[in-house]
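The two complexes that follow have chain A in common; it is paired with chain B in the first and with chain C in the second.
The block that comes next holds the complex of A and B.
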């Protein structure tokens, strides 16, 4: 049976970092999956936003639509012509329950084809509190280049030690 | 110091380096955008709650009755 889901690379932080970038991503797969277990040190916040940028390009080529729910309220918003894709409220931050991490999956289909790159970000924050968020974000990078690097940032803090980042490649055969 | 981690998938090399000045500037702008969105969410939720309470008030419900409906 063919191996269709392969770990390309991973990193578990041993010290804090503002961003984690997977570079020189091989073009031998059809889709990419990024899995993150993340917590940031953003002060005064229980939740944080994961931010994605491709091939080191910022500018205005990104857009997104997101839905979030906190357990008591739902919200949605869109962003266009922005410099990153914001996956809102899927990371734990400084005031969330200690030693908890948000869990996130990012799916990027057809990352090498010459067309704009849609993706989705789905995740849930973990918090032993009445308010705990989950969110789904549809994102688009308006660029036809193959994705060769993925920068995983956050809403202004640092990913804390123990946050983990896994990049998988998926083949269709 | 604020660092970035770069993992080269071809070689397995992991580099830890300080953010550049441009990256720091962009990071601040991105963080502000994220905070602005969060504030907008909170305002929308507060506005919705205020409207809900206003409807109950028009119906003549007491605070206890409103609480019972929550």
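The block that comes next holds the complex of A and C.
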């Protein structure tokens, strides 16, 4: 029986970077998984958002529905006709407890199928402080093209050294 | 190192269907994972799982849901299926996702599940986390994914993976 869940590519930052892009993604898998341990240098705040774009396209073809928790309250929010899928404040930023990184998993099924692309993003930036955030995000890229690249951005800073990004492929046969 | 996370079976709905069943599941794994990418035909049609053809009232759930405007939580017990509540929005235009982990499916304890649902419909939708319990000590040898009304549209896919601990 075939083994799946194979590492396609990884990037562990040795210097800061505004974003990380996995490109030339092979079409030989069924689903994709991206796992991120991320922190940004965005000044004056402890939290930052993770944001996704596919195939180098911005425009207004992205939408999302989020379920979020802050440690004291749960909430939900949404966005449509926007240029990125915004996965909420699941990254640590400059004023967060030192050496803490947000943990995020992105699951993209059927990434080569000719249909609009649904995905989910689950993450948390627990940092041993009074307020921390976790979020589950349902995302949609309204585009039928196969996904060949994924850009992992943030709310405006740089991912710091030590942030790690792993792309896996899953085969269903 | 032993290989893990192996595909056991996959199916694609060729005609509108009320259920997808994986049967004769081998007992050689530790956990199971289901990935379902579906299009719902009928609003209000609650999806769920049944195991080993058990249609009795031995299933329960607790869910947290975000609708884009509000967050809510709900639970229910003594149901006739493991409801994955909140995925009831009909859409044949956008696919929606369930990922479900079934832990220790061959163990002799009651069976627990953890599901994430993502159903953004470009301007509306839901996102959920659901925990389920099947009150049975039997090993799971079949899984049925079903709606309590309506059907899944053509193109719905379901894949069952096995995960080995060693």
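Here, the second predicted complex is superposed on the first by the 172 of 173 C-alpha atoms of A that agree within 3 Å, B and C clash if a C-alpha of one lies under 4 Å from a C-alpha of the other, contacts with A are read in each partner's own complex, and residues count from 1 in each chain.
Definition applied: a residue touches a chain if its C-beta (ideal position, glycine included) is under 8 Å from a C-beta of that chain, and two chains touch if they have at least 3 such contacts.
Owing to the predicted nature of the structure, the values given are computational and were not obtained by experimental measurement.
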Contacts of A:167 with chain B and chain C, given as first, second, both or neither: first
Partner chain in contact with A:17 - chain B first, chain C second, else both or neither: first
Partner chain in contact with A:68 - chain B first, chain C second, else both or neither: both
First, second, both or neither for A:58, with chain B first and chain C second: first
Which of chain B and chain C A:77 touches, first, second, both or neither: both
Partner chain in contact with A:107 - chain B first, chain C second, else both or neither: second
Touched partner set for A:136, first chain B, second chain C, both or neither: second
Chain A positions touched by chain B in one structure and by chain C in the second: 68, 75, 77
Chain C-facing residues of chain A, complex: 1-5, 30-31, 63-68, 74-78, 80-81, 107, 109-110, 115-116, 118-120, 122, 136-140, 142, 170-173
Residues on chain C engaged by chain A in the complex (per definition of touch): 3-8, 10, 35, 37, 64-71, 73, 93-97, 99, 116-129, 155, 157, 159, 161
Contact footprint of chain B on chain A as seen in their complex: 8-9, 11, 13, 15-26, 47-49, 51, 58, 68, 73, 75, 77, 79, 82-84, 86, 88, 153, 155-156, 158, 165, 167
Residue ranges of chain B touching chain A (in the complex, touch as defined): 2-12, 14, 16, 19, 23, 26-35, 37-38, 40-41, 44-45, 48
